[in-house]
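Look at the two complexes coming up: chain A is in both, with chain B in one and chain C in the other.
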Partner chain A sequence: MPDRQLSDAESAIPGRPPPLVRFASVSRRFGPVTAVDSVSLDIARGEFCALLGPSGCGKTTLLRMLAGFERPDEGRVLLDGEDITDVPPHRRAVNMMFQNYALFPHLTVEANVAFGLRQENMPAAEIRPRVADMLASLRLDGLEKRKPAQLSGGQRQRVALARALVKRPKVFLLDEPLAALDKKLRSETQFELRELQRKLGMTFIVVTHDQEEAMSMADRIAVMNRGSIVQVAPPRDVYEHPISRWIAEFIGEINLFEGVIDSTGPSGTWVDTPAAGRVHTPNEVPARKGDNAFVAVRPEKVLLAPFDSDPGAYNSASGTLVDVAYLGDTSVCRIKLDRGGFMRATITNARRRGGEPVAPGAHVALRWEPDSALVLVR
Partner chain B sequence: MIVRRLSPFNLVSIALGLTFLYLPIAILIVYSFNDSRLVSVWGGWSLRWYRALLEDSAMLEAAFVSLRVAMLSATLATVLGTLAALALVRAGRFRGRLAFSAMVYAPLVMPEVIIGLSLLLLFVAADFSRGFWTTALAHTTLTMCFVTVIVQSRLLDFDRSLEEAAMDLGCPPLRTFFTVTLPLIAPAIVSGWMLAFTLSLDDLVIASFTTGPGATTLPIRIYSEVRLGVKPEINAICTLMIATVALIVVVASLLSKRYSSTQERRAALGGPPM
Partner chain C sequence: MTALRSAKTRAPSTLGRRMIVLVPYLWLCIFFLVPFAIVFRLSLSQTAIAQPPYLPVFDPAAGWEGIRDFFAALSLDNYRILFSDTLYVSSYLKSLQVGLLSTLILLVVAFPIAYGMARVPRRLQPLLLMAVILPFWTAFLIRIYAWINILQRDGLLNDVLQTFGLIGEPVTWLASDTAVYIGIVYSYLPFMVLPLYAVLEKMDESLLEAAADLGCPRWKAFWLVTVPLALPGIAAGSLLCFIPIVGEFVIPDLLGSSQTIMIGQTLWTEFFGNKDWPVASALAMLLLCVLIVPIVVYQHMQSKVLERGR
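Let's look at the complex of A and B:
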């Protein structure tokens, strides 16, 4: 589905910098499988862009078309205004970090990092300091003479980073860069990558199936599903304003209520839902009275209140608390609604002893501000 | 390594198996150091048959022919076999792939007599004078498929992303082959060469079809001498052959062990790209 940021000819507008990378309606088929289906995407210079989607949705294929390992069946790939669709991988000013890192097992760390510079016929006297700098800046000094097999997972990942970054590519592509790391190292590395990208001012495109990873690193997320890009927006917008039910459910937890549109306009939308009654949401949708729709509310935006308290301007539903999962920083409550269905609410455990009515079995009211809900028609 | 106590049954079967395989060889080796002229009578330890061998110029000549044939045919077979493996693994589905693979592997299952005979007919028809070159060619035909089997299995579990990484870093495809692919499949190629070498060294059947006057290989020489009666010198030359082959097998297995533990990849291969 076309998005505002994509379908444009905006780059032609004078005064606006042209995109560094442009995918112009690229498609790639493998036999009966359409891995990438007519994708258009512009990426600006210096941007940190994430391609996010479930496994098998075509993220890697899209990335490999930019690196030159897959030729699009249709469409063009442009780098810095130049059509590179037919340029072989070794002549493209982009570098890629492979999912399994693909370090050369027969070469030392130093030789791995120097490999790319040697291909440019750079004199050895120039290669050595550049490699040394790169290794030092990624805390790899002292490991120069080791082979990849003698490194830890985190060190291997940094060698792979160094090997690509030392080439100073126009665009740096990362395919699931953190997938092979353990959880703790992963969250540290997320911040390191972000910092590295800012420091270098380089354009990064990272492929991931992990929404948290995409949200914490990227300036902009392109959400993919079944070979198509379904939304391109900054992390906050993707989370707060998903444009379809699929995106809302893919990114984070969400409560959905089926309902029927009563009215929609610039002042918002009224939806009649069997589970939560008449609900007001702030967004206008391209639908008419009587159309089916979903009201979506994130669990952390739902407040638990005593059953008989006054709802005020809030939207509201009521139900019985079924269970409470204590997660340390937050607790997740599951509530069986009086009028059918279940709902989740997240409460923060800011105090050691909260006064919330959170004992299972309690009859509670669920409140959320009109601003917190969203109506989705797709 | 788990050391398990062997049951008596296992012990007996291992002992029987080893005896069956190695007793004849052990007897041959021991008798090569026999001082007696009679093959079946033990006359004490001695190196006299090895000394006699040094004076047997016909035997030495044959050994030299065999070594040259083995070297040349192993090298040719390695080049061709590696190319065939590359075609089978990398070229995708080309027309006639099945036929090609069947042709490559045919010598693996074909009786040697038939290979020998058909090559003889070919050489006669083509009016080649038989000798060193025809034997080397015939051995290349025989051993190429073994190289292909070994190299193909290495290529099948070769991580293609290594080649992509090299190209991504600016390395053109051909140079990628020489700087990344070849060093990583080198152990398989070397093992293939060694296997081809030993196969050629001990071939009697095909060589006797394809060789001619002036290019008598060692197995043919030994065989013709044995027909006149086993001389102790034969034991000595056979012991030397066993030693050569055993050495090669040990080197090959060490090589493959060393390379399969990725810890120990030779630094020498990491030289600058060409």
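Let's look at the complex of A and C:
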């Protein structure tokens, strides 16, 4: 693999701008643990990219390699075409927002935000208006003289944003930017961050373990597991077309049925499953007849129908409704399948009155479009 | 509202509770205020060849007359003596100089030690803390005598230096200011290391990363982030060292020369040598006044830190 690094032939594809950030087969080991295992990733200028994965998957280590706090054991890190692998953090044109914000407790809000500009030896007359602008645009005006200890969690987060953004970095790195906020503030801030990124046209890389956060903000999600990137795709594709069983289960809820491939080809794939019978999906998979595979279908794509209705071209299964969890906007139904196993179906509570359309204990049919199901061979 | 609250708090506060509060006050009164008053009264008296060796002596039998005579005999003469004789002034200045300079040396020596202790893996820290405290297990005097052994002409230090060819002739270390500084820095090092360690250990390392991220080189981050955050520890350690060093007697007496005399030694001579209790008391009072200044400054700083934290 080492000869793959710096294969500039890829970036020289005519007509495509070179990536702003390139991780070229980077690895980082901590003792016996390989935190990042030969990861390659390109991030375009102006992109909002999320590194998503469970804790310990190496996403933060990858981010810290770009910031300069970790040196890759193998591979190179490129920024704007320049190899920055050996450039110390204080000379990199990237800025990071730390998970705990790392605001300087002995400095005022104003001095915290001005800190980075002072390091550039910028004259005070120039720093002052830039800091004031930054503070105003993040609704922090009036708090200039406060110390971090005198701020609320949301204000502290905005000071951390301001402190990094005032430097106008080429890439802005956010390490779990919303983890310390409460739920309501978090969802508001998601949209604010997205808006901020569009307005500034800056490249953002966010590390998160929260899929909702990644999906609501990012243009592209790099899903990581055990030190490797397992899929890089826009949020919709990651959710609708996960390329492995692990990703399908990691992102959102999903029903999985074990089965055996009967046939696969351009016209689609047929899988025999003990629990859901013969399932048809329109996608072709890299497998042969007799291979083991999983059929995956999201709960919101499963329809509940009367037991004796005609399935038509839909895939179908039947079972008994065990319980219904009312969540307000939706209800989650758990169905015990007649042929063994359980399945979940989400129904939208579109009407205000009338109670549940089906009561627990009812015998129901489950239907889903061929297009809604996925066959996963990995 | 206030009445209500005080009534509420007073309700369960019985006699026993007040007695508990009384204990520290009683302690302070008996072991600080009363001795302080005695020393103050002595500093206003005159020396005499008598038992006790000072005048006036308060005679309760003489009644009102006696009290009046007693107060009439008190005077500030001893303080005048202190300021008119250069011996006293110079020993004060010498003490302040030794106090300031050795506190500074202690800071420079202790900071890297404390910093290193705070940065090693957590499981090693108790071991290092132990190593800092360990010398206390040997009597202070013995450790100072050990230094005499090390510093004397045919002592360990000269032996080592000669073995490595760094010096030709043995150097006279003992009975010099250098020996006093070595002794003081050695003895007070734990008092500087521990408060510094306490603040540095609490410091969030991501602050230094944040500084680097914002374009600040490491050496500069030390001055812009580490030192300001360590300030409470620097202040506590400096006071903890400076105050007792100024009044230090044993170390300069055993390691220093007879040319440079610190205030502790002057006090000793006045009290035990000249048997002049009043002058010794006046010296002690003046020393207290000098030392109160940094304590007040520190108190002021502390209350500001507390306010900021709120």
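The rule we apply is simple: the second predicted complex is superposed on the first by the 363 of 378 C-alpha atoms of A that agree within 3 Å, B and C clash if a C-alpha of one lies under 4 Å from a C-alpha of the other, contacts with A are read in each partner's own complex, and residues count from 1 in each chain.
We adopt the following convention: contacts are C-beta pairs under 8 Å (C-beta built on N, C-alpha and C of every residue); 3 or more make two chains touch, one makes a residue touch a chain.
All figures in this text were calculated on a predicted structure; none of them were measured in a lab.
Under the clash rule set out above, the superposition-derived model of chain A with chain B and chain C contains a clash between the two partners. When the two complexes are overlaid on their common chain A, residue A:K147 makes contact with chain B and with chain C alike. Once chain A of one complex is fitted onto chain A of the other, the partner contacts of A:K167 extend to both chain B and chain C. If you count the residues of chain A touched by chain B and by chain C, you find the higher number for B. Look at A:R156: by the touch rule set out above, it reaches neither chain B nor chain C. When the shared chain is aligned, chain B and chain C each come close enough to touch A:N100.
Of the two partner chains placed by the overlay, only chain B lies in contact with A:A111; chain C stays clear of it. The superposed model puts chain B in the path of chain C at one of 6-14, 60-68 or 204-212, which is 204-212. Once the two complexes are overlaid on chain A, the chain A residues touched by chain B in the first and by chain C in the second are 67-69, 88-91, 94-96, 98, 100, 102-106, 115-116, 119-120, 147, 149, 163-164, 167.
Per the touch definition, chain A reaches chain B in the complex via residues 67-69, 88-91, 94-96, 98-100, 102-108, 111, 115-116, 118-120, 124, 147-150, 163-164, 167. On the side of chain B, the complex with chain A involves touching residues 159, 161-162, 164-173, 175, 180, 183-184, 262-263, 265-267, 269-270, 272-273.
Taken together, the chain C residues at the contact with chain A in this complex read 204, 206-207, 209-218, 220, 224-225, 228-229, 231, 308-309. Those residues of chain A lying in contact with chain C across their complex are 67-69, 88-91, 94-96, 98, 100, 102-106, 115-116, 119-120, 147, 149, 163-164, 167.
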